[in-house]
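Common to both upcoming complexes is chain A, partnered first by chain B, then by chain C.
Coming up: the complex of A and B.
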């Protein structure tokens, strides 16, 4: 069946996206709001997460217990995530309960109680998450990398800071919700088994009166190069490395994604082969594309015992640069097949598709079909991927090491 | 075992081997898991590189895992790749186990052990199992230790493989858009030369020992505790009641622990879940909170459990838990890979497979009496308790 991406704009600015997947029994919806960490006021780092926690503590006539019991009774699984420019709030469910669930989620989003007597509880929850992160070196190296690499306010992490969380007051939560939970700039993406016309009517009924403009003026994203070490009593040294590449939405994104694929997609990828299979330096090594607005980065991770950290970093850098010698036809063919195949797997997951189309809309302002993406992928050749790499050849890196011994970038790799 | 779904877009295949940490002698701890890695390191007809390339070329979502009692290898592909992926997965079950690859992969396993040492709760689950099962083979650590892995020889692994990867000890499970006739013919042709019979799994009666331990870490920001109670075996009719009880008590939904500890931010996480092994089982509890709140959090945790006696589970609570679990089962059943796991695991555990509808019926049939009967398991003190705390200052230690 030909993939369909349906769009319906509401008068208040909310955009409803639909991708029908009638072969499924489930439906997933994702609200993507312009309410990420970069919208937090100075000194209130962690506020976006606190607001996400707070909106599920009662809405309309329901207190938090009644709200959660309705979700349980319907069998709806909700989830939220705070990112840099946006935050998401969504759910997956059996398709027959979509109307009731959307009604409830809509109330939580637009008309939450935000009870003042629960602010302290929410502060405690945020503090728990921050402390949990501090105990987890493999995650921590990525959050420290984000703080180190990206200019203010883009380096903020979802978990915030101790000082930020401690300073959150009820008025901050109400104010953040009022300013940033508005239909202008918000997308509701629904994927799975649903009927489009009925969905449009339902969303009009629930959100037709929702008004408000997104309020944020964003500065350009700058990056910082060099090394930072976080001293941590751990068995392994965990290293996170980043370099520049075209962002998602850039005309050069797909060759760049292909380079990351050759480096890291699958067990025959170069990083897995060189770092793990040939040398046994790590259990885990990976690279992935990451974008904040128009700034793209490739993020890499490796965890290795301290005395082998320097060698691991060296092999990591050499392997990345080995793309300059070219990509083999076999590598490119495997990559293309993996990407095509993963699109079929995506068609089994309403959750995956609702997140993808919400993200596409917020970043690109449109949703490319899988056919379009495949055409981009099919167009890639060994030569075009190599030429792309040579044009963007990484020379400056940002490195964070978490462990007992500091790790430095080689001379020349820490600045442009 | 095949569960064919002609409407599926993909197909999933897996070998389920009834071998794991409980089948290892103490000096061989970790061999099942190490062998799981070595399976990808070459066969008579494929090199390690060729295996990796082929898996990627099939666009396969593939992986493997090892537990106390099983080792599972699986791959999901688009239907046109069935024959090639089945050929590959099945060929992998007879690895060549070469010495050079063995020594190289040993380094990867040692890195994996080091990686888990850095992850909360820093080996507390493994330590709790050791205390609970004592000298019983279920006490064996799945990854082994740096020492057992360092001392293991490739010849020991070859012998273990011959004894455990046998026709009577392995199940092949498939689900999704499967060509059934072709699959049966292919598997039959490939396995006929495999060793027929496995060495019998030793199954001494488990004793369930009591024990306490404290793991000290140089720096932790959170307090972690693991508790273990005796539970049920695979075949017990009350398995559904126990699952529901754990959900009423500690699911991340409207559960008693959620309102007592999570909603107010007292604890970062709380969980309670049954684990089943062929001849016995346990219930494992976990909590994580700020170190200064640990006494209050643990008190509250035990009060909730002991409160089951005075404040029995109500209909409303049971129904919410039923809805949560039912909905979760229905939603996860949508993926062919999940069906393949359900199928292989159920057959390995109980020699039976229940359709989703039959599972849901058994779940729906659980009554308050059943769940209250299970409550007796958890109103007792846990037999084992392991906590992770920050080590005292070095000066303090040498003084003591």
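Coming up: the complex of A and C.
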């Protein structure tokens, strides 16, 4: 069946996207709102996450308990994520319960109670999440990398700061919700088994009257290079490394994605081979593309013994730079086939598709079909990937090490 | 479409299971082998994991590199897991590449090269994985709980021990593979889009000549109660708690699963409500059923601030015991609907189904259909769940705390 991406715009600004997957019996919906950490007021770091907690503490006529009971009674699995420019709130369910579930999720978004007497509990939970992060060095090196690499306010992390969480008042929550949970700039992406006409009617009925102010302008994203160390009592060193690349949506994105694929997709990828298989330096190593607005980064992770951290960083940097010598036809063929397979896998997950199309709309203002993406992938050649790499050859890096001994970038690689 | 579970036995003892899911375009296969940690010789803890690493280092005519390249070229995602009595090795793929992929996976299992010159690299990787675990207290409290709670050799963990990994020789790997990677007691479970007759022919062709000795007898599983503390520099305390319950396969399993569901499934569950929502003690809390052979356990986890650890343990124990006062009709209805929904979700994942049917066969000697499981769930009443709980009322616990201060079970709850 030919993939369809359906679009319906509501008067208040909400965009409804639909991708029918009639071979499934589930449906997933994702609200993507312009309510990420970069919208938090100064000194209130952690507020976006606290608001996400609060909207599920009762809405419409339902108190917190009743809301959760109704969702559980429908067998709905909800989830939310706070990101940099946006936040998501979504659910996956049996397709027959979509109307009731969407009604409830809509109430939580548009008409939450935001009970003042639960702010303290939510603060405690946010604090627990932040403290939990401190105990997970493999995650923490990424959050510290984000803080270090990106200019204010883009370096903020979803978990916030102690000071920020401590200072959150009920009025901050109400205010953040009023400003940023608005239909302008918000997408509702539905993927799975549903009937489009009925869905449009339902969404019109539930969200037709939703109004709200638009998002304010954002400053450009800047990045910092160099090294930062976070002291952590351990025999391991966890390192997160980043370098610049074209962002998702850039005309040069796909060659850049191919470079990351050759480095990190699959067991025959270069990082897996050089860092793990040949040298046993790590149990896991990876590279991935990451974008904040028009700023693209390749992020790499490796966790190793403290006394092999320097060698690991060296091999990581050498392996990245080895792309300059070219990509073999076999590497590129394998990568293309892997990407095609992953698209087949994605077609069996309503959740994955609803997130993907929501993100596409927010970043690109449209949703490319899988056929379009495949055409981009098929167009890649060994020459075009190498030329791309040479044009964007990574020379300046941002490095964060978490462990008992600091790690430094080699001279020149820190852009100083 | 009515769910079908197909069975075909090969002369060497291998059992082939099939669950057709023709609405998918993927297929997943899981080999479940009687080659878990409890099969490791004394002093060689970590060997099962090392062998799993080694079998992917070349097989048949292919060296390590060629093997990985062929799998990547097919777009196959492989994965393995070392458990207590069994280990799994499997893959998910586009259904059109199943014949080539199964050929390759079969070679890795039955005819691996096990190259002596790669033992050292594999040892390093195993050591990295073990060290990585030391940095993840939320995982570590579970591995320490396993070590503490279960009698030898069932308390062994997949990551092994430093001494065990250090002592592994090439001959140990060859010997473990020869003894435990044998068709007797092994299941190959295939779920997704495939044609049964062709699959049987293919598996006959690939594995028809596979022979090997049967598994030796295992000792009974015993459990220990009481508390153990693991010192870890942190402001958090991670606690893992276990108590006895009927094992998977026991006639009383489903009421026991219902108790865990009321405690931990969904946002309206008792643990989520009491420990997280009302008191803000934790960011996450959970309970789950876990079986080793005929020994069932309920495992609980909570991570909290050190100074609230005692309160968290107290609320955890009280909430578990609150089931003695009964389960409400609403709780049971929600649970039933959630379980039914999760079965619909599972029908969209070839990987989940192939793992489930492999496990069912190894534990139960048969695969219950979803219809059978639903009948068991539907039979549950508030009375039957409460009566079950009172009959198996948890009085003795095993507790592990990971953090800077030890945590003790209340008097009486440690069975001393």
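Heads up, the rule we're going with is that the second predicted complex is superposed on the first by the 415 of 416 C-alpha atoms of A that agree within 3 Å, B and C clash if a C-alpha of one lies under 4 Å from a C-alpha of the other, contacts with A are read in each partner's own complex, and residues count from 1 in each chain.
Methods note: contacts are C-beta pairs under 8 Å (C-beta built on N, C-alpha and C of every residue); 3 or more make two chains touch, one makes a residue touch a chain.
Note that the structure is a prediction, hence the values are computed from the model and not measured.
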item: Touching partner for A:303 - first (chain B), second (chain C), both, neither; value: both
item: Chain B versus chain C as contact partner of A:122, first or second or both or neither; value: both
item: First, second, both or neither for A:235, with chain B first and chain C second; value: both
item: First, second, both or neither for A:318, with chain B first and chain C second; value: neither
item: Which of chain B and chain C A:266 touches, first, second, both or neither; value: both
item: Partner chain in contact with A:219 - chain B first, chain C second, else both or neither; value: neither
item: First, second, both or neither for A:345, with chain B first and chain C second; value: both
item: Shared chain A surface residues [contacts with chain B and with chain C]; value: 23-26, 64-65, 68-69, 71-77, 92-94, 120-125, 127-129, 131-132, 134-138, 233-236, 238, 265-269, 273, 276-284, 303-305, 330, 333-334, 337-338, 340-342, 344-345, 347-349
item: List of chain C residues in touch with chain A within their complex; value: 23-26, 56, 64-65, 68-69, 71-78, 92-94, 120-125, 127-129, 131-132, 134-138, 233-236, 238, 265-269, 273, 276-284, 303-305, 330, 333-334, 337-338, 340-342, 344-345, 347-350
item: Interface residues, chain B side, partner chain A - complex; value: 7-10, 40, 48-49, 51-53, 55-61, 76-78, 104-112, 114-115, 117-120, 217-222, 253-254, 259, 262-269, 288-290, 319-321, 323-324, 326-328, 330-331, 334-336
item: Contact footprint of chain B on chain A as seen in their complex; value: 23-26, 64-65, 68-69, 71-77, 92-94, 120-129, 131-132, 134-138, 232-236, 238, 265-269, 272-273, 276-284, 303-305, 330, 333-334, 337-338, 340-342, 344-345, 347-349
